[in-house]
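Same chain, two partners: subunit A is paired with subunit B first, then with subunit C.
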Partner chain A sequence: MRNVVIHDPTLRDGQHAVKHQLGADALRRYAEAADTARIPVVEVGHGNGLGASSFQVGSAAVSDDEMLSTVRESLRHSRMGVFMLPGWGTCGDLRKAIDHGADVVRIGVHATESSLAERHLGFLREAGAEAHCVLMMSHMASPAELAEHAAQAVGFGAQGVGIMDSAGHFLSSDVTARISAMVDAVGTVPVIFHGHNNLGMAVANSVAAVDAGASIIDGCARGFGAGAGNTQLEVLVPVLERHGYATGIDLYALLDAADLAERELMPAPPVTASMSIVSGLAGVFSGFKHRVVELSALAGVDPRDVFFELGRRQSIAGQEDLIVDVVAELSARQTTR
Partner chain B sequence: MTELAESRSGAVDPVRVAVIGTGAIGQDLVSKIHRSSVLDCRLVAGRNPDSAGLRRAANLGYPTTAGGIEAVLAAGSPFDVVFDATSAASHRKHWRLLEPLGTVVVDMTPSNIGQMVVPTVTGIQAGTGRNVNLISCGGQASVPVVHALATNFRVTYFEVVSTVASAVAGRATRMNLDEYVATTGHAVTTFSGVSDVKAILNISPAVPPATFRTAVHARIDGADAAVVRAVLDPVAEQMRTFAPGYEITGCTVIGDRVTVALQVTANSDVLPVYAGNLDIINSAAIMVAEQHAAALHRTRREAAR
Partner chain C sequence: MRNVVIHDPTLRDGQHAVKHQLGADALRRYAEAADTARIPVVEVGHGNGLGASSFQVGSAAVSDDEMLSTVRESLRHSRMGVFMLPGWGTCGDLRKAIDHGADVVRIGVHATESSLAERHLGFLREAGAEAHCVLMMSHMASPAELAEHAAQAVGFGAQGVGIMDSAGHFLSSDVTARISAMVDAVGTVPVIFHGHNNLGMAVANSVAAVDAGASIIDGCARGFGAGAGNTQLEVLVPVLERHGYATGIDLYALLDAADLAERELMPAPPVTASMSIVSGLAGVFSGFKHRVVELSALAGVDPRDVFFELGRRQSIAGQEDLIVDVVAELSARQTTR
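Let's turn to the complex of A and B:
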């Protein structure tokens, strides 16, 4: 039976669904439940990672320091993970996270920009943390490009390298082609897959990723996450087990953690709402959803048009300021019509 | 006549300048120096003898070397102005070596050593033996807006988000993201008096490439979009006197959040039009050097009297 290592970014990617407003009590209670379930890595932070609390993507309710110390205290078995985008957070933020006891640190970069992670991966290796590199918005790159950037990240010191389906755009065949190419390119270095559920494909895509050789898979309790949500963790784990992959996670405790998450973290579990389907089809970062809906309503434009225009402009995660432009432009076009 | 107009009118003796670094910034600097009537490029120094940047400089007729900073130091009498278009780490070393020579060093890296200059805000205080810090592309683009907002409104928070096309984000930029964040944030605080600030840089791989843009977010109580816009229009006009591609493209107020969007296109023989990030910092650097040329000219004229 092959082992698959599950990473749980419920307390990081899930933040997108509640505009980064998770409080310390909620963080503590879920981290304890995840720890009881023996989930190997529990990731925490602002949705866009360390140092990302901002007007551009949303201000967090709780500081990075408090999030990290709260979750660290709650974990006895699980390792603590953090995430950071170069250009948003810095080595200073990484240092702080490691001092708080972060074990696994993921550097996120756009799919074709692995060179942005060079310095931070090097820093992490020197600091002694496990260093991963994840390529975001990976539907915007070909399998060959992803393989090239994965190999480059490994050259910079990444001990795990993978892709995020940040827009929830992939079908399973897309995932198979990409993960296979990456596994071929990086040999024994673990390959990571992080799915989103905009088109209802997250669990199936995660299975396809494992079948193609990925060995680290992300999932969130109840699928808590940006847009239509992430891969639903308590579905993913038993499905992987039925496929013959071992996760080491306790099913009953996992289900309890998911129930707790539904009660304490989210106003309602994520659904594949119309806007999330459009975001997935348009290939737009799932985290844009709230802002697109809000700004479109204020300007009286159709948010679906906004998503497709943002996709046409190849906007990437972090470019939330483009939403303002696109909404203003579509609104002006309407007025002159 | 202003010093700048005087220097550009050609009534000033050319000053000897050198450029270190042959990436996109260095190449565009050489081409902008080539256009200037008062800057005389006497050396272009790189590290790789086969680099396209050195070839281009040689084709324009300028002396080139792959000997880096050592070649600049070995050039006999010191240059009046040295443009350092390398990396923040290299610049720290270069400055230690150049400082004793009394050369004006124009620092294109985000090393944050010298005196920060944003031409329309600080003016250009030329002098000798000075390290002039051009901050960052995001700093050059945003500080004029930040300064105008802080002067006219009560601002409690500033955030500056820039997007640069992947094709014109060179290796030094990619390795210096931390310095970019720190230096840009420091400049925003220095020129606004607002201590709560954040700087962010996105690198976009979009095809066709995205034009360099910056969003300035500010927290201002009771701001009105039209009033904000009226404050900023003259700022943009002033910027266009030396960076013609500077344009404010949007101004949105939602509650206490003001977002000003601006973009800069390049006016360059070397750079693609979307590379406003490189153009704006280079345009400012050339302005600093021309100003210094005018000051030197005055000093020399007085000494000769």
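Let's turn to the complex of A and C:
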């Protein structure tokens, strides 16, 4: 029976759904429940990772220091994970996280920009933490490109490399092709898959990833995350077990942790609403949603057309200015019809 | 490009989530929206089908007559579907539905009891309606058994035969095996798949069904249905299209219909809560939930243990008495520990 390591970013990716406002009590109580369930890695942080709390993307209710010390104190069996986007956080933030006892440190970069993680992966290798590199918006890169960037990240010192389906765009065959190529490229280094549920495929895609050789899979309690949410953790685990993969997680305690998360972390569990489906189909980062809807309403254009056009233009996070351009163009086209 | 016929039981299976209280206005407005989206078949009725409204299982807010005439008047392109469980409804109810203009009439029976549908399928063949036979709780029967009962239903006059994953228990490989066997057994007669989302697999299982030869797939707006809900229709359609299957449905109008359904039909979209996951894993009809939870609380036993034990005993709807037995036994075991 092959083993799969479950990595739980409920207390990091879920922050996106509540504008980073999880309080210390909520962090502690969920971390304790996850620990009781023997979830191998519990990730915590601002939604955008270490050092990201700011006026522009949203200030977290709790500082990085307090998040890290709170979760560290709550874990007896589980390892603690953190996430960082180079540019948003620094090696100083990584140092701080390691001093707080972070065991697994993930560096996130755009799918084809593994080189941005070189310095941080090198730093982590010297500091002795388990270093992962995750390629985001991975539907925008081919299997061969992802394999190349995964191998490069391993060369920089990554001890785990993976892909995030940030836009929730993948069908299972897309995942199979990408994970297989990456596994071929990195040999025994664990390969990671992180799904989103915009097209209702998160659980099935995670199974496809494991079938193709991935051995670290992410899931959040009730799918807690922005928009359609992440892979639902307490569904993923028993489904993987039914496929013959071992997780070492206690099912009842896992369900208890998910019930606690629904009661104490979230106003309501994620729903796959129409705009999430459209952003998933278009392959556009769902974080664009509020601005797309707002600007489309102002200009009297259909926000769904805006999403599909943004997808055709291969827009990525950080290119919010493109939304204005697309809305203006679609509006002009309507006027001249 | 192969064609898939989408069958939409939002206004019938969704009734389970609101104790059969959809009003005539809600029925009309959703039917009109579904018609605009060109959904091929719009099914309406009490959750348990024609003739089922009663004190015991719940009285519908609107009579069968009013449901049928309301939806019939709202459809210009879509065909109208109805559902009936022999014993709950009669040939008189079928007659009434046909007189009201029902185009597609489904007879539901337990997975291995196709013979119960013989008389009704014969009646429908003579009456000239398109007759379907759907085998419920189909995870309790082997592919060979389902193939045998599908072929038998065709012999009785069914022009479509299918399976319902009533407990939401299937993994995709289960669906592939069952649909393939049925397609082999019935040749050119359309094969139907109706999924539930207890294990997050409804969309993926529906794709697997089509890949295996099914050509009629059920889905409900936002997955509207009891517990974890059904296959989410407005996700299913574009995902099928991305797999290369044509549905003839207008995506934007479909999303509009789903938005309307969320606003006007349901208090909130379905959530895959822990007890739904357990009933799916156990392979037990989710309609048992309230009674399992209630009796377990009274007896101080874990309702999850009750569900798994009911699964081991292969309980089916109508065997609610078994819940009392199982709860009592588990309670006695605890006491004697």
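Just so it is clear, the second predicted complex is superposed on the first by the 291 of 337 C-alpha atoms of A that agree within 3 Å, B and C clash if a C-alpha of one lies under 4 Å from a C-alpha of the other, contacts with A are read in each partner's own complex, and residues count from 1 in each chain.
FYI, contacts are C-beta pairs under 8 Å (C-beta built on N, C-alpha and C of every residue); 3 or more make two chains touch, one makes a residue touch a chain.
Every value quoted in this text rests on a predicted model; they were computed, and no experiment measured them.
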Notebook entry, point to check: Which holds for A:I217: it touches subunit B only (first), subunit C only (second), both, or neither?
Noted result: neither
Next item on the list: Using the superposition on chain A described above, determine whether A:R119 touches subunit B (first), subunit C (second), both, or neither.
Entry: first
Margin query: Looking at A:T90, would you say it contacts subunit B, subunit C, both, or neither? Reply first, second, both or neither.
Written below: first
Checklist line | Touching partner for A:H110 - first (subunit B), second (subunit C), both, neither | finding: first
Note to self: For A:Q319 in the superposed arrangement: first (subunit B), second (subunit C), both or neither?
What the structure shows: first
Notebook entry, point to check: Between subunit B (first) and subunit C (second), which, if any, makes contact with A:L255: first, second, both or neither?
Noted result: second
Check: Both subunit B and subunit C touch subunit A; at which residues?
Finding: none
Next item on the list: Name, in rising order, each residue of subunit C that touches subunit A in their complex.
Entry: 171-172, 197, 199-204, 222, 232, 234-236, 238-239, 242-243, 252, 255-256, 258-259, 262, 268-269, 271-274, 277-278, 281, 302, 304
Note to self: Applying the document's contact rule, which stretches of subunit B touch subunit A when the two form their complex?
What the structure shows: 157, 159, 161, 163, 166, 171, 174-175, 177-178, 180-182, 198, 200-207, 210, 213, 215, 217, 219, 249-250, 252, 254, 257, 259, 261
Margin query: Could you list, by residue number, the parts of subunit A that touch subunit B in their complex?
Written below: 54-56, 86-88, 90-92, 110-113, 115-116, 118-119, 140, 295, 298, 313-316, 318-319, 321, 324-325, 328
